[in-house]
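Both complexes below contain chain A, partnered by chain B and then by chain C.
And now, the complex of A and B:
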């Protein structure tokens, strides 16, 4: 048992409701607690062990009181994936960080530097921390308010089609699934740490590819994720261009074949981009898209300019909400306002270059934004965009569409599961009744038209058991459920780490 | 809670209907001199005002009927179209000035609620992330 002075400080927030950052979820909560490390200023093994014990104690209390228990991170998800009417833990102050080197690294590990971080560390802070050490995350989302555990658990992604999503550079997970033990989970086929590290942390070592792949994207349903071992990269630069381009046959072919050599991409100069993204205004009759490409470089290329400091985004923050309200009131304004939304978010960029922490900043997109994300096969992107565009225009939804390409994931329920890369289609805009209708009708239309897709776990979706089977196949869903039963062997534990969202998806059993 | 959230939208709709109704009444007044000019005799002036009020109500109801596709998106679900149109018409005939002042109160009330929510959020969730200290890095060693 860790010393008493290392146990975490647990503060009752005295709230009866919980609301997420984007204000798309406002739900009753039984007890909302914030967990602080005993010493928030100095990362230490003793402090980490003490907090593990504190989390076990909280699980014990949840079981005793027959309540569910979930952890939330940056509350960045648009959907109720973290919500519970039982005990909700705010883990944001849990941000210890430990570099792993020397004798702790498994002899077979041939990858990049390893860093072990506590669950609540925000991606933005992680970027800053790594940047100071001349390191970087291989990839991250465009905005970085998520915690690392939240981002990984929901499959947060960027547009790095040679890298993957954020769960794809996790090498071990420290899970607290019960009051009696914690588990250090690593894939057997790709060990990263030596056996004694898990024991030092106070965890039971479990090496299993199947368990690891299932736990990677599990949205808090495998227990409390206390820490993650990340494989990071020596710092690098991203050279960025953004310009409007036609969405013609050449563009769709390039996406379908993941071959951009036939396109006149800005800044290419014979290079292949590392990041690729298109933003599409569905009301643009000229069928053009705003293309952002990024090229990776070990040093800052001459002639490039550094990213500007200060938030271009923040000036447009309230635009989303305003556009949602106005388009509900005056549907005919939807087209022009979507153009305005596009202009707010997508100004032209030429040869801007920065390290990942400078490019992917700590944006705080406020206002009642609403977004859905769908993973689709590369050869079905054109069809899916056509369907989404038609629904947006028919309904008058204040939406923008975006395509981002992400390398296929190994995670059992990772929504970027299509290979060699998944096209993530984002349906983003302002909260409004039209937007909700747009989401529902697009999901249904894609199914009717035979477009295979998966839902982004951290965005608005309409998941159901039937859709889970359709999206992942019975085998994958069963493999995930089996893994969960292994980690949470009793019905009481499985019930404790379930919520309405997992019930709705048929993933609570 | 929901009512408070949607109140400014409903009042904004009433302002829009009121302004449209007032413009319609102004146009008709411009075409009918008897309606345009104040009357010296009190009873005649009272009649003129009553006619104008009736016209405002009729204009309000007519415009509300025309605007029903928009209004039904804003009003709470499952409203009877005829009853709601009549109610909107009568309410909008109160004039845009009246509804402007009511909107001011409603927005203040909503702002007050938002401020309260933000305060409780920031007290209950002290983690406007920037207030969390960044600890020094450690070693996973005893």
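And now, the complex of A and C:
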């Protein structure tokens, strides 16, 4: 048992309702607690162990009182994926950070440097921390208010089609699934740390590919994620161009084949981009899109300019941030405003270059925005965009569409599951009834037209057991449920970490 | 609000139609607002997972 003075401080926020960052969820909560490390200013193994014990104690209380218990991070998700009417833990102050010493690295680990961070560390803070050490996350989302555990658990991604989504650089998960033990979970086929590290952290070592892949994207329903071991990279530079391009046969063919050599991409100079994104205004009758490409480089290429700082959005921002900014004032935007937004937020960029932490910044934009995201096969992107565009125009939804390409994930329920890369189609816009209708009708139309897709876990979606089977196949869903049953062996534990969202998806059993 | 000496990162002042009506009816003598704050996150120093005897910080 850790010393009493290392146990965390748990503060009752005295709130009966919980609301997320984007103001799309406002729901009753039984008890909303904020968890602080005993010493929030100094990362220590003893403090980390003490907080693990505190999390176990909270689980014990939830079980005793027959209540569910969930953790939230940056509350960045658009949907109620983290919500519970039981005990909700705010983990944002839990942001200890530990580099992994060479003696703790498994001899078979051939990848980049390893760092172990506590669940509540925000992606923006992580970028700053790593930047100071001349390191970087291999990839991250466009805006970085999420915590690392929240981002990983919902499959947050950028547009790095050679890297993958954020769960794809996690090498171990420290999970607290019961009052009695915690688990250090690593894939058996890809060990990262030596066996004794888990014991030093105070966890039981579990090496299993199946359990690890299932737990990676599990939206808080495998227990409380206390820490994550990340494989990071030596720092690098991203050289950025953005320009308007025709959405013609050559563009759709390039996406379908993941081969951009036939396109006149800005800044290419014989290179293949590392990031690829298109923002599309569905009301643009000229069928053009704003293409952002980024090229990775170990050093700053000569002639490039540094990213601007201090603005309300940066070059790394996606369409959503821009829309959220304006919809603070005008929540019911229509088509013509989408055109203006596209001009404002998607301005031309030429040879801007910065490290990841400079390009993908911690945005402060808040607004009644509503976004959905769909994972689609590369050869069905053109069809899916055509369907979404038609529904947006027919309904008059205040939306922009975006396409981002992400390398296929290993996570059992990772929504970037299509190979070799998944096209994530974002339907971003202002919160309104028309927007909701746009989402619902697009989901249904894609199914009717035979487009295979998955839902982004952190955005608005309409999950159901039938859709889960259609999106992932019965085998994958069962594998995830079996893994959850292994980690949470009793019905009481499975019930404690379930919520309405997992019930709706058929993932609580 | 207990921020463990980390200070506030954000303060939001909200009003609504009901509050505005109260302000109107009381000719401005009462102007209710809802104030929400968000604690700043700590920035802890880096730690070590090595055993204490081998020099944890």
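One rule holds in what follows: the second predicted complex is superposed on the first by the 488 of 509 C-alpha atoms of A that agree within 3 Å, B and C clash if a C-alpha of one lies under 4 Å from a C-alpha of the other, contacts with A are read in each partner's own complex, and residues count from 1 in each chain.
Here is the rule we go by: contacts are C-beta pairs under 8 Å (C-beta built on N, C-alpha and C of every residue); 3 or more make two chains touch, one makes a residue touch a chain.
Please read these numbers as outputs of a predicted model, since none were measured by experiment.
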| item | value |
| --- | --- |
| Simultaneous placement of chain C and chain B on chain A, clash or fit | clash |
| First (chain B), second (chain C), both or neither touched by A:32 | first |
| Chain B versus chain C as contact partner of A:301, first or second or both or neither | neither |
| Residue contacts with chain A in the superposition, chain B compared against chain C | B |
| First (chain B), second (chain C), both or neither touched by A:74 | first |
| Partner chain(s) touched by A:433 [first = chain B, second = chain C, both, neither] | first |
| Which of chain B and chain C A:506 touches, first, second, both or neither | neither |
| Touching partner for A:40 - first (chain B), second (chain C), both, neither | both |
| Chain B versus chain C as contact partner of A:9, first or second or both or neither | second |
| Touched partner set for A:95, first chain B, second chain C, both or neither | both |
| Set intersection of chain A contacts, chain C complex versus chain B complex | 11, 34, 37, 39-48, 92-93, 95-100, 104, 116, 122, 125, 129, 197, 200-201 |
| Chain B to chain A touching residues, read off their complex | 9, 12-13, 16, 70, 73-74, 117, 120-121, 123-127, 129, 132-142 |
| Contact set on chain A toward chain B in their complex | 11, 13-15, 19, 32, 34, 37, 39-48, 74, 90, 92-93, 95-100, 104, 116, 122, 124-125, 128-129, 145, 197, 200-201, 325, 328-331, 433 |
| Chain A residues within the chain C interface of the complex | 9, 11, 34, 36-37, 39-48, 92-93, 95-101, 103-104, 116, 120, 122, 125, 129, 197, 200-201 |
| Residues on chain C engaged by chain A in the complex (per definition of touch) | 2, 4, 6, 39, 41-52, 56-57 |
